[in-house]
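Look for chain A in each of the two complexes below; its partner is chain B in the first and chain C in the second.
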Partner chain A sequence: MFLTLLKKELFVEFRTREITISMIVFGLAIILTFAFSSNVSPVIIVNFAPGMFWIMVLFVTVIGVHRSFAYEKEFDAFSMLISAPIDRGLIFLSKWISGFIFLTIMEILLFIPFYKFLMIDFPIQPWLALGTTILINLAIMVVASLVSGIAMRARLSEVLLPILLFPLVSPVIISATKISGSIMRGEPYALWDIWLLIILTVIVVFGLVGYTLFDFITEE
Partner chain B sequence: MLSVSNISKSFNYRSVLKDVSFTLNAGETVVIMGKNGAGKTTLLRIIARIMACEKGKILFQNQNLFDGEPSIRKKLLYIGHAPAMYTALSAIENLTLALNLRYIKANASKILDRLNHFGLGMQANDPISIYSQGMLQRLKLAYAELTDWDLLLFDEPFTGLDQDGVALMDKALTQWIKEGKTMCMVLHNMERAKQYGDQILYLNHGVMESL
Partner chain C sequence: MQFFFHNKSNRVWLVLIIGLMLFNIWNIVVNTPMVPDQHWAQKIFYVHVPSAWVGFLSYFIVMVAGIMYFIKGDEHWDKVGLAAAEIGTLFISLVLITGPIWATPIWGQPWIWEPRLTTTLILFLIYIGYFMMRAFGGHAERVKRYAASLGIIAFVDVPIIFVSVKFWAPEIQSHPQVEMTSQPPGILIPFLLSLGIFTVLYRLMLKYRIHVIQVNYKRVADV
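And now, the complex of A and B:
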């Protein structure tokens, strides 16, 4: 059933392309704003680049998850899911994993413009950067999917979503910034393992909470 | 088949349903009537577990709908005002998804046959966002026909239908009643309520009255 739900998420997005296109366009706009407003040397910008990157990711995540739940409201489509005889935790998992896929696609497409426009050198350990980015994306999306599920029933969901999401996801963004900065500087794992532990904790805790509570969260 | 006991629900501290209770035996049809805002749709959505309630208990086939496994709802079908389908997908894709979510093997030719029967064959592959209200109502009817349900919760089935659509709906409802299916419908027309209903209940300011 999880695969049916995941396939639905990907298929609806494949049809509309609303989530990925809006995420990419918004991400590009943020990169250009950063590039033209931060007129500093490449040496200094390296210190700020990880933070800028993850802030951009956070902003586009809001756009993506909001859209992902907004189309559930059109024609009351969400009723089809929650009235179906399925474990509602699976709906949460499908939203989480599909959001992770869209976010990863967006990052792959925005990676080159980000580094080119801000004139940053590529990470010293690209595979390590890729592995940690996947974990960070999972952590961001698990929080965002849960919060978006809570906010979707609210009248001002588009306002409520960032208000709830930003404080909850801030440990992930801080950890992500620290991890990416350490990897870019080629620091040993022992210096940033605590931040990775925070990311893993968020994935496990929010994953379990979301899976368990989605049954109650989704009811009007 | 269905036992609704003391269901209460309020919105913004305004009580919409006050200790609503009724029972529905297998093979019976209950029609719920009432003014706009009386809580008819809310009641159906609570039974379908789309909406939560503050108090009460619902037994469906002797199993508690609020505490039990999701599989209890397998034979319970809710069809509301809105199509509850994805605007970006076609009728065939939506029906395939809806059936898969109910663990029913979706057969494309059977789906197309039902869509043809309800006059949607030509638009079967179009996204449902371009469908009219009447076409969406026909699509819901096709969904109900393709689904293996024991209890159908149908909210205002005749809304938006043209003359032919009304005839199709009437034929389907009459057929289901003949087959001994159990239904809980919201209707506004008393003549129709008498035609289909074994019981007619009236929701008056959140209180259920029998007519």
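And now, the complex of A and C:
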């Protein structure tokens, strides 16, 4: 059933491409704004690059998850979805994993413009950067999907989503910035393992809490 | 519905708590020793730490009320959650005000990213979102469920936020009250007394606030 729900999410997106296109265009606009507002030497900007990258990802995530839940509102599709005889925790899991896939696609496409426009060097260990980025994306999306599930059907959902999400996701953003910074500087794993543990904790804790709570959140 | 202070037991508690609070202030100002390098600034900790304790206790109660609301489906737990969230935010605001008052003369600036203060600030922001959800969320029944979920998520997030902030700025670990139990009795006993008095005050405030929310709900239902 989970695979059917995930397929539905991916199918809708690949047909309309609303989420990925919005995320990529918005991401590009943020990169340009960063480039214009920080016209300094690459030596200086490299210290801020990890933070800038994850701020961009956070903003783009808001756009993505909001859109992912918003299209369910059209024709009251979400009410029909939750009235189906399925475990609602699986709806949460499908939103989480599909959001993670869209976010990862967006990052892969924005990775080169980000480094080239800001004129900084690529990470020394690109595979390590990719692996940790995947885990960070899972952590960001698990919190974002849960918060979006709460905010989606509220009035002013587009305002409530970032207001609720940003403080809740702050441990992930701190950890992500530290991990990316350490990888860019080529620091050994022992110096940044704690941040990876925090990311894994968020994935496990919010994954379980989201799976359990989603049934109650979506109750009619 | 009966007026809260028409109840004799509530009136007795109110008078008792006013007396205890006055005694607490007198005790802090007159009886506690001056810490050599902090002087009067240190005395704010007899209010700051109990406020933090009550704030976090209150947020814990919001989480418990959220879980109970989902399990029992009883409206009462929603009122408990809302009341605890309001009072918790009041005390957490006091923590965020008294912390910088203490920090200005001691650290030389009102704000440093000290882990506990930072965690408190993040939690405060989450609860601002919680109240916005309550106020602007729309459908009343849904908002109750969303608020219960947020109360649970916010408290689950606290240890993760604390650990991340602690390692984020490892050089800032200069919070002075880490080893409260190792303080001399002249400081420890008034501190524990203040903690107890704040907890009793909290109990009455929570009871009162639940009563007020019940009255408001009933008024809305009557209309």
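Following the convention adopted for this analysis, the second predicted complex is superposed on the first by the 219 of 220 C-alpha atoms of A that agree within 3 Å, B and C clash if a C-alpha of one lies under 4 Å from a C-alpha of the other, contacts with A are read in each partner's own complex, and residues count from 1 in each chain.
One rule holds in what follows: a contact is a pair of C-beta atoms (placed from the backbone, for glycine too) under 8 Å apart; a residue touches a chain by one contact, two chains touch by 3 or more.
Source: prediction; values computed, not measured.
Of the two partner chains placed by superposition, only chain C is touched by A:Pro167; chain B is not.
Look at A:Phe216: by the touch rule set out above, it reaches both chain B and chain C. When the two structures are aligned on the shared chain, A:Ser148 is found in touch with neither chain B nor chain C.
In the superposition on chain A, contact of A:Thr20 is made with neither chain B nor chain C. Contacts of A:Pro85 after superposition: chain B is touched, whereas chain C is not reached. Shared-chain residue A:Ser98: touches no atom of chain B or chain C.
Of the two partner chains, neither chain B nor chain C is touched by A:Thr132. After overlaying the two complexes on the shared chain, residue contacts for A:Phe11 are found with chain B alone; chain C is out of touch. Contacts of A:Glu74 after superposition on the shared chain: chain B is touched, whereas chain C is not. Across the superposed pair, chain B and chain C both touch chain A at residues 216, 219. Of all the residues in chain C, the ones that touch chain A in their complex are 70, 122-123, 125-126, 128-130, 132-133, 136-139, 142-143, 145-146, 148-150, 152-154, 156-157, 160-161, 163-165, 167-168. The part of chain A that touches chain B in the complex is made up of residues 1, 4-5, 8, 11-12, 15-16, 71, 74-88, 216, 219-220. Those residues of chain B whose C-beta lies close enough to touch chain A in the complex are 45, 48-52, 70-74, 76, 78, 80-89, 93, 97-98, 100-103, 127-128, 136.
Residues of chain A that touch chain C in their complex: 146-147, 150-151, 153-156, 159-160, 163-164, 166-168, 170-171, 174-175, 178, 194-195, 198, 201-202, 205-206, 209, 213, 216-217, 219.
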